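Chains: A, B, C and D, in written order; residue numbering restarts at 1 for each.
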Amino acid sequence: MSDPSASVYQERTYGAHQIGYGQRPGIIVVDFQNGFTDPQYPLGGAPLIRRAVDNTARLLEVGRRCNVPVATCYTAYNSKKDMPYWKVAAVMEDLVEGHPSTELDPRLYDPDYDVAMRKSGASIFFQTPATAYLNKENVDTVIVTGCVTSGCVRASIVDSFQWGFRTIVPEDCVGDQDDRPHQDNLRDVNRRYADVTDSAEVIAWIESLRGRNAPEDG
Amino acid sequence: MSDPSASVYQERTYGAHQIGYGQRPGIIVVDFQNGFTDPQYPLGGAPLIRRAVDNTARLLEVGRRCNVPVATCYTAYNSKKDMPYWKVAAVMEDLVEGHPSTELDPRLYDPDYDVAMRKSGASIFFQTPATAYLNKENVDTVIVTGCVTSGCVRASIVDSFQWGFRTIVPEDCVGDQDDRPHQDNLRDVNRRYADVTDSAEVIAWIESLRGRNAPEDG
Amino acid sequence: MSDPSASVYQERTYGAHQIGYGQRPGIIVVDFQNGFTDPQYPLGGAPLIRRAVDNTARLLEVGRRCNVPVATCYTAYNSKKDMPYWKVAAVMEDLVEGHPSTELDPRLYDPDYDVAMRKSGASIFFQTPATAYLNKENVDTVIVTGCVTSGCVRASIVDSFQWGFRTIVPEDCVGDQDDRPHQDNLRDVNRRYADVTDSAEVIAWIESLRGRNAPEDG
Amino acid sequence: MSDPSASVYQERTYGAHQIGYGQRPGIIVVDFQNGFTDPQYPLGGAPLIRRAVDNTARLLEVGRRCNVPVATCYTAYNSKKDMPYWKVAAVMEDLVEGHPSTELDPRLYDPDYDVAMRKSGASIFFQTPATAYLNKENVDTVIVTGCVTSGCVRASIVDSFQWGFRTIVPEDCVGDQDDRPHQDNLRDVNRRYADVTDSAEVIAWIESLRGRNAPEDG
């Protein structure tokens, strides 16, 4: 992406370091629930999100095979009472517990493997069991997938960084309603908090670890 | 700002609601420390940040006169040990406790009035006393000031929203290294989490509350 | 309760202040789920817990009539994967999503009124939406009910205090497996973090606020 | 300690499991600041606390030699504004930034090694960088030291458990104002959240790990 402000940030030392991979991956899956992945809902089915669903499905298949911890979340509320002050009408109307748009997309969710959680904020880490679970699993590198890049994914990337994880964003596993905010947010986080890469590289890394993290495999 | 993607988000109901003011303001001041406000440091003194300092100084003068709680923070670490994985070289080199770039800018910080705190993440709310303090003060509306819009300010806005506050961003009280990321991030949060306005409007609102929040005033 | 160590703490200024009531109550209900309230389960049905259920039912009836926010929680996990390191066998075996011992006791839970949440730690505030919800409702005084006093109730009291709420514990609305740990923990928190009282006093206070918090009432 | 309620809890499966050591220790040091360790202050110098200081000094000497991460904290506030509702007069009067009782005891604090942090709640983990730091260091087993057992230590033990760490309490490294609350709280946490042991055992364990965690040592 061409970015006229790139040199300003570069001169001020943004993006001077790469983060790099650690030794113990974990995958977070942000809001791949019907409300965002199914075109019948107001927020659902944007092309970049459909692309992210396909690539994340492939990544998760490898991750589960290699015993990588997976934390997945959906956004839902009891009612308007416990909603923060959202400006998005479809969030306020549809993301209430029991509404079909709060169900995790079955193409991505494996209830026998994933650790699922409801969230009430933007970030998968905000007041959910995600941090404690990944900490208990000794994860040091968080792979971020889900939607929407310029909303809940951005918030989750910042929190992953803040909690002390190495944070990796395969660009083709996160999606947005439109391309420009998608790119803008990847630009911002790539300067500060996370390495932006693609799913092929992440899959290759996970497979390279296989012997270490899954000693019981043949 | 002209934004080719605006109609896509509008159709999907982003920005359909305004948040509006509550009854009890609080002001947060993010990272107005010498490292960002003084041009002698690698991250310091960008024009948008200098503008934000001037406008925030005026806002704080009114806020303190009207008994509005003020929480202010700076970023600093003991050493590289307790730093998260930053990609910004100047953060890693300079933001260590004791370095002059970690000192709060005296044009903005009033040690007899403000509640100051050190932070280790991007957001002023991340693992600091800010949420507990504003909750104890019964603040319902958080006014966001500081820098950098596309970094710590964005993270603080998201957290203010997540913690259940009405979140107001006077655009001229937050600053960035360059204009485009500044605008991009205001666009994203204005669609979802916060009302973006200016300091004149916020000052007028605070002054209109005066009788209620400062009963001891004449 | 006679306590030989009372004078030691008194001389060191513990318990020197009372906290007192604020103006806006909220009620938290900790783990009144079948696993603790129903005697058919290993952890269920102790006399002090049955007493607490009865008294809390009365308190909640008044609270709901007076529009007091109610946050209620149960402990449950996806599986052993996302459990912290518990030493209690029945927690590890039974508190898995879908098991009947994770269902909220219907004598206490009103799904049309209460804000319910799953928790994974000991405290109702630990990585749940409770703090954000009570903050959004401008609650300044948290009334603590539930079980077990020497476990999840103690943890919830400490967190209520830490988040900046005035914390009130009606002793007859919290229960334990046995009396001594119940008393020991009330003693500890009453010295530091909370006012320990009874449900009659709390109910009288809530009813005295009625006009202010429920203006729509006749 | 003889405990008449022990059989009640045992029958209900409390304490049925031991937690055990992991592979990567971290040490937390709670409130070993002059206000608690120096007898000239109202809260300071109780015999159990003096004993805990001596034993913790020995533990820390071994821990630092073996490259074990150490997080240490003190309690302090800007002023009464940002204090939660304490009932302890000496906390409210003395624990203000700049007062000598907020200084870390130099017998225990090594500024070149330890990661120090100010806390505003009871727990060392409450809204401080401790969790992120220990997570970044891949710590899986937290050794708890400090004071006061029936206050900030208890709260820190619960949080260590909640965040997913294996939690170990060497009984002779934590201290209280009097013996009975010390014992009562160790009893409660030993049933649920932590293994209570002594410093000799913990030191032996840390030394046994030496080769693994300090590969540069001879």
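Going forward, contacts are C-beta pairs under 8 Å (C-beta built on N, C-alpha and C of every residue); 3 or more make two chains touch, one makes a residue touch a chain.
Note that this is a predicted model, so its numbers are computed, not measured.
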item	value
Joint neighbours of chain D and chain C, given as chain labels	A, B
Of B-C and B-D, whichever chain pair has more C-beta contact pairs	B-D
Separation of mean Cα positions, chain C and chain B [Å, integer]	35
Whole-Å gap between the CA centroids of chain B and chain D	34
Multi-chain contact residues (two or more partners), chain C	84-85, 120-121, 127, 131-133, 136, 162-165
Contact footprint of chain A on chain B as seen in their complex	3-5, 8-9, 12-19, 42-43, 84-92, 120-123, 126-127, 150-151, 154-155, 158-159, 161-167, 177-181, 184-185, 187-188, 190-194
Footprint of chain A on chain C - complex, ascending	69, 78-79, 81-82, 84-85, 114-116, 118, 120-121, 127-129, 131-133, 136
Chain C-facing residues of chain B, complex	24, 131-136, 138, 140, 162-165
